[in-house]
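Below is a structure I'd like to ask you about.
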Amino acid sequence: MKLITAVIKPHQLDEVKEALEAYGISGMTETEASGYGRQRGHSEVYRGAEYTVDFVPKVRLEVLVEDLDARSVVDVIVKAASTGRIGDGKVWVLPVEDVARVRTGEHGVAAI
Amino acid sequence: MKLITAVIKPHQLDEVKEALEAYGISGMTETEASGYGRQRGHSEVYRGAEYTVDFVPKVRLEVLVEDLDARSVVDVIVKAASTGRIGDGKVWVLPVEDVARVRTGEHGVAAI
Amino acid sequence: MKLITAVIKPHQLDEVKEALEAYGISGMTETEASGYGRQRGHSEVYRGAEYTVDFVPKVRLEVLVEDLDARSVVDVIVKAASTGRIGDGKVWVLPVEDVARVRTGEHGVAAI
Amino acid sequence: MTCDDVQHRRRKVIRMENAIDTGTTAWILISASLVLLMTPALALFYGGMTRSKSVLNMMMMSYGAMGVIGVIYVLWGWSMSYSSESVMGIFGNPFTHFGLADTITDSAGEYILSDGLPTVVDVGFQVTFAIITVALISGAIADRARFGTWLVFAGLWATFAYFPMAHMVWGGGLLSGDGPFASIAEPIDFAGGTVVHINAGVAALVLALILGVRKGFGKSPMRPHNLPLVMTGAGLLWFGWFGFNAGSAYAADGGAGLAWVNTTTATAAAMLGWLLVERLRDGHATSLGAASGIVAGLVAITPAAGDVSPLGAIPLGIIAGALSAMAVGLKYRFGYDDSLDVVGVHLVAGLWGTVALGFLATGSGLFYGGGLNQLWVQIIIALVAVVFSAVVTAVIALILKATMGWRIDSDVEVMGIDQGVHAESGYDFTGGSGRLASVGVASREALPGAEGPARSEGTTTDIDTTDTRETRS
Amino acid sequence: MTCDDVQHRRRKVIRMENAIDTGTTAWILISASLVLLMTPALALFYGGMTRSKSVLNMMMMSYGAMGVIGVIYVLWGWSMSYSSESVMGIFGNPFTHFGLADTITDSAGEYILSDGLPTVVDVGFQVTFAIITVALISGAIADRARFGTWLVFAGLWATFAYFPMAHMVWGGGLLSGDGPFASIAEPIDFAGGTVVHINAGVAALVLALILGVRKGFGKSPMRPHNLPLVMTGAGLLWFGWFGFNAGSAYAADGGAGLAWVNTTTATAAAMLGWLLVERLRDGHATSLGAASGIVAGLVAITPAAGDVSPLGAIPLGIIAGALSAMAVGLKYRFGYDDSLDVVGVHLVAGLWGTVALGFLATGSGLFYGGGLNQLWVQIIIALVAVVFSAVVTAVIALILKATMGWRIDSDVEVMGIDQGVHAESGYDFTGGSGRLASVGVASREALPGAEGPARSEGTTTDIDTTDTRETRS
Amino acid sequence: MTCDDVQHRRRKVIRMENAIDTGTTAWILISASLVLLMTPALALFYGGMTRSKSVLNMMMMSYGAMGVIGVIYVLWGWSMSYSSESVMGIFGNPFTHFGLADTITDSAGEYILSDGLPTVVDVGFQVTFAIITVALISGAIADRARFGTWLVFAGLWATFAYFPMAHMVWGGGLLSGDGPFASIAEPIDFAGGTVVHINAGVAALVLALILGVRKGFGKSPMRPHNLPLVMTGAGLLWFGWFGFNAGSAYAADGGAGLAWVNTTTATAAAMLGWLLVERLRDGHATSLGAASGIVAGLVAITPAAGDVSPLGAIPLGIIAGALSAMAVGLKYRFGYDDSLDVVGVHLVAGLWGTVALGFLATGSGLFYGGGLNQLWVQIIIALVAVVFSAVVTAVIALILKATMGWRIDSDVEVMGIDQGVHAESGYDFTGGSGRLASVGVASREALPGAEGPARSEGTTTDIDTTDTRETRS
């Protein structure tokens, strides 16, 4: 099993979710995140003092998948999340040793 | 060493924390998350327009453990987090190559 | 490739970011987190009822690096994040199987 | 109608005057506006104190009281409070002035005046008291009450507890200067210690007992989610209370000025009293303590605002703050879930303020050489108010429990009453995900693109109460 | 000047009195203050309803209106509204009283009075109406309008739409009791159903059409980010509206009292009306519904506050709430992005309140045996107001579209107008990261340690509109 | 007492009148209420501007001032301000009217009147000015001051700086029309430019210098955490300021109306002035700028509200806004941490408003042909106020520094003063984890299930100041 983590732009979330669902993935976990990279932050001015905010809002998605699906799921995400502009984000794949479903106590692929 | 990640229902957090502490684990990191899965979200109505919120609030726990503890810690979490209802969450285990404690600079198992 | 996750004190974030940048790392993802460990939380009192908040605010940084950089990046982070006090946090290293850049679809080291 | 048709607050002699006093009229107009503002202020005070998942329901209980009482007051509320056709000194005949008949203008089409004040202005002033009193009670039943049951309760309680009590104390009834106890000493309730605070505080206790505790009461943390809101509420309450207390002088004169100064002095003192207890007992002076002390002081000075000196207002306030600070913990010991401490603040400080007049009333109080009579009569009216409110509230609440039911589903309580009952969330700071599913145009059509038929069964079932039924696939 | 130089609201005979009525003066002074407060209250009501990324811009449109109108009103606003030199009954000569010349004191240096009220107090009262009317419009163009264009629009619209309409209805113009339609029946607009609500509501519709929809309108969720703010705003609006309606009695008397009571009764009823529609249609009574119902009720009673009975105010309110609750969905059907429902609330309830007087006006209304004349004249003034406002607004808005431009960059719209246009964020609860880059001392130096020269080009380019240019390395 | 016992604001001749003016009384009653509201409004304005970890402490400094001054004003504040037993024209004898003796009623038990206004109403009005002035200062010492020291400072500063200054300017003292400078021209301070704003602004500067800068000042971002709160505060301040300025006319008359209109006009103009500077200098007009401009305008018009024309109020306001917008950056250049810009806003605009009268006062100002005398005397009273406030504040603050200490522990400062000092958090939007450990019933028992004995040592030690001691195991 693999854990696919995707850091994407917030307003692409719905599109990614729908693409995953269309692919057959129906579970995922989302966290709010902030990204630092080539995409620049913005600055704000309060009573003439300028603040630079370097981090840009992102959404971080985690999806557990079977080994075989990993590659295609990465592709699905990349396709759905892409706007072609700086800051579209990253997707990475980690090996997973075990998964358990809390409700049933099942382990392994059945638990995804 | 292993990294155990658990996505659970928010109001089970205290129970899981206490179960881990009883087991002998006394460190963990928590992030707020939202989950998408079999458990449905809810809808809200604003001036007659109905919005569907698909993601459900979850808590995401990360626990670094020694290899030998991994299996039992997963069990401890599953037991403590379970309410027997849809949406109780998932637990997964990742292999960890190195751990360092920032304060002391220690590495490896000593740093957990 | 490796994924380095660091859980640090919030007001060390800027220092760590600058140290990483100085080292040559110019991308990272940040999430707000809460930590539980040796550092104690605090208590609050509302109309005479005392609440204990066990979790302490932390920042969770994720940095994708090439294999060779992993060890040094951990060191850079440990050095920049350290204040010498309880609760400075942890850094851990996970193996990464694949990385993709969403904007371009590139894979592997080029995508970092 | 004739002018002696209406009996009113602190005035024994009602006479028809030809001349309007525009200054007094202006003052009561603005006082009425100030007291009306107190209910939204209370909604902030209460709303900030709940957890974020129930802030809207908490505010809605106050706003709902505005809706219900705002309508019924002009129908039968005024008549039940101030009709001179008193039924055994307990309530006025609801039909004499039903719908404000014979209240606004006389047969010649002229506005009816009483002591230079148009009666219709007084109606406005009075309705605001009825609203806030009902709203106060809601603090006891945070997070768990059916909204429909609350609205019905609001109407019934105003009718059977508030209007009669207003009649008894201010409308020439049993507890007024025309009542049987006045032979001991004239009972003093300047602006509503019995009618408003004891009345609401007792009702709160009764409701808390009848509804039972929230899930996790005494264990889970239920700390205020937004203290700046609480402090804003307390500040606006203080502001509005000038209408409540100084407006109750019924004139723009020195008496109103004295009530104004006493209100400020006692409130400042009560804030310090509460903070002092906290500092000594818990080690920290808190902002919730300051806000709560303000309200305790305002409550305690309410019955006394026109009848103590500013020097007397200082101990009255300090003791009110300290007493309430100590009383709010009792619910944990006795196990009633008076969620936002209506009992600890309004009942305790209301009783204290009413009884303290026995000592501090300038002229008739014990410390001013007036003997024990005033103290005695103050205790009597407080007790009558306690008993009356307890009985009436219990009867209404139990009937509603048996018929409509009081508690929401316990899973909805855990999920949050805002989402479950009102289908809303208080806050959305991230502009999170979600889809627009359908829009409620008159004909309630689904939007193009919305999946399936509009789910008219609402949201409350979408939580983990049921098992496999609720799966997506 | 002579005293008959000024024509004013509901008074046919303007006479110079020697004696000031301090009670009335006090009441109008506080009424003016209350109405001024309505604009910040509106900013809360509107601001809470937007997404968190646009809350500041939303509030700034209201505050900006205070800035612009606050200045131009004393320059030419008063004169255009109330100068007795009327230009065809449509507007007053802006020069007669430019800069309040001959308005405050007479040649002897005494304050000019009219019916016992100093005219300068009336000026204060009037400016607040002009401000709030302009601010109301902004609800239609949330999240997407250039701030500079808005400020210019505010000044032009007040000048060409508001001041003339005030003149027509209250300043002795076309739609007043001195106008041509008064021969049918005297038109009634007690406190601004036509001048304020229909006027602003139509302008909102026209602007929404001219600006076009927001990105994602009807698809993305655009739910309120802070409902406690919305409810607070509604509560403060109710409070402020007492100045608006009861202040429009122009005296501290029974008439003001009647307006006060009607305002409360109709508003309470409208809240219940809105909640009822929601409960039946959507299954949930919401807090946004309660807040919206309050505003709908306040709007509907505005033209009628002095001319219906409290019993008449109840159906007037209930129907206003229900109608508006049904009307807010129309924008989805017809595809105009009236973001915060100015049309559904202010135009619909404003029309209803104005026309309802034809039925409910005590004395002249159909239900009071007054025949059809009042109804007929109410429909006429409503229609004239609709057409006048539509034409004037369209001309101004189209000219601005062609010259300054209305819409912000669509990428800024997605990022959020607060960051893009005002270089601010509404909230920062985490005390997140960031650096102080430079400070704007008079000479605007970079701080020691700030990297590079101060970026004076601002922030709006720092977003993902451009491609490789914006990379860091 | 005799009636000439009290010297008061702008009235040279104090006469005992038999007749109360109820209109004026109503206006001053409501004005007092409005000014009292300004302090909670200030708490919002200031609270929203801090980081979220200090919002409660920031608000508590304002509320704490209400507590302390609310009590001491009736004890000795009134007497020190307005007793006719003046000590060298600097302060009144605190004992003449200690506890409001001989202030409320005369020997016959009748309310004492002065110019038709009951003196007790005036007491209420005055106490609110004292409160807000003290609260204003707190903006300079955000995030870092011991709460106990602040409360003591509040009481001392009111006693030694505010009451004397009120006496000097309004109580017939040195800077009044009865003082030595009146021979040049009668000094003008209509509503408190010197007494309130210069006084508080100078005190703020002195405190900022004595307390020193916050950790990270000029480097870390310290941006406002809740701008809607700031804007709400500014809106409520504007509203409350009508009591402050128009109430200072001491009558419900044309003079009050003029002050009202000037207040609105200058404030609108100042908002535009501030926004203009920002737009030109920084490229963005901000909401914080609008809110700040409002306050700068209100401050500048304060001394001038009754003595300029609305046309004069426009430049007075614009310049106030622009000057303050430029001045707020000075703290970075000179390195004093006047955290929320009390100096930049209150001192600068207060000085400007006071001095501008030399040019713009109708009648005596330079631009009105009055020569230089008025300008000269305005500069003198401003300078005297600056020096007096600086000296008194420095003495008090240094004594407190040496005795109680001003600064909280630097680790608590980093963690957040709310948690460290008040043991509270401003917000909890997630209903996060945590346990109820014990409850403070009178006898403070631990709850069943709470671990170990109640930790009475509070929370401040639970942070990373100590090392191994604080480990869990």
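Residue numbering begins at 1 within each chain, and the chains themselves are lettered A, B, C, D, E and F in the order written.
The rule is short, and it goes like this: a residue touches a chain if its C-beta (ideal position, glycine included) is under 8 Å from a C-beta of that chain, and two chains touch if they have at least 3 such contacts.
Fair warning: this is a prediction, and the values are worked out from it, not measured in the lab.
Peer 1: Over half of the interface residue numbers used by both subunit A and subunit B, so same, or under half, so different?
Peer 2: Looking at both copies, the contact residues mostly diverge.
Peer 1: Report which interface contains more C-beta contacts, comparing C-F against B-E.
Peer 2: Between C-F and B-E, the larger count of C-beta pairs in contact belongs to C-F.
Peer 1: Where the centres are mean C-alpha positions, what is the separation of subunit C from subunit E, in Å?
Peer 2: Spacing between the chain centres: roughly 50 Å.
Peer 1: Using mean CA coordinates as chain centres, what's the subunit E-subunit F distance in Å?
Peer 2: Chain centroid spacing, subunit E to subunit F, equals 32 Å.
Peer 1: Give the residues of subunit A that touch two or more other chains, as numbers and ranges in rising order.
Peer 2: Each of 17, 26, 30-32, 34, 37-38, 44-51, 53-55, 83, 85-87, 94-95 in subunit A touches at least two other chains.
Peer 1: For subunit D, write out the residues touching at least two other chains, lowest number first.
Peer 2: In subunit D, the residues touching two or more other chains are 21-24, 26-27, 30, 221, 223-224, 226, 232, 252, 281-284, 286, 288, 329, 332, 423-425, 427, 429-431, 433-436, 439-441, 444, 458-459, 472-473.
Peer 1: For the complex, give me every residue of subunit D touching subunit B.
Peer 2: Of all residues in subunit D, those touching subunit B are 414-415, 419, 423-425, 432-441, 444, 454-455, 458-459, 462-464, 467-468, 470-473.
Peer 1: In their complex, what parts of subunit C are in touch with subunit D?
Peer 2: Going by the criterion above, the answer is residues 44-51, 53.
Peer 1: In the complex formed with subunit A, which residues of subunit C make contact?
Peer 2: 1, 3, 17, 26-32, 64, 94-103, 105, 111-112
Peer 1: Residues of subunit A touching subunit E in their complex?
Peer 2: Of all residues in subunit A, those touching subunit E are 11, 34, 37-55, 83, 85-87.
Peer 1: Which residues of subunit B touch subunit A in their complex?
Peer 2: Contacts found on subunit B: 2, 6-8, 31-38, 54-55, 58, 60, 70-71, 74, 77-78, 81-95.
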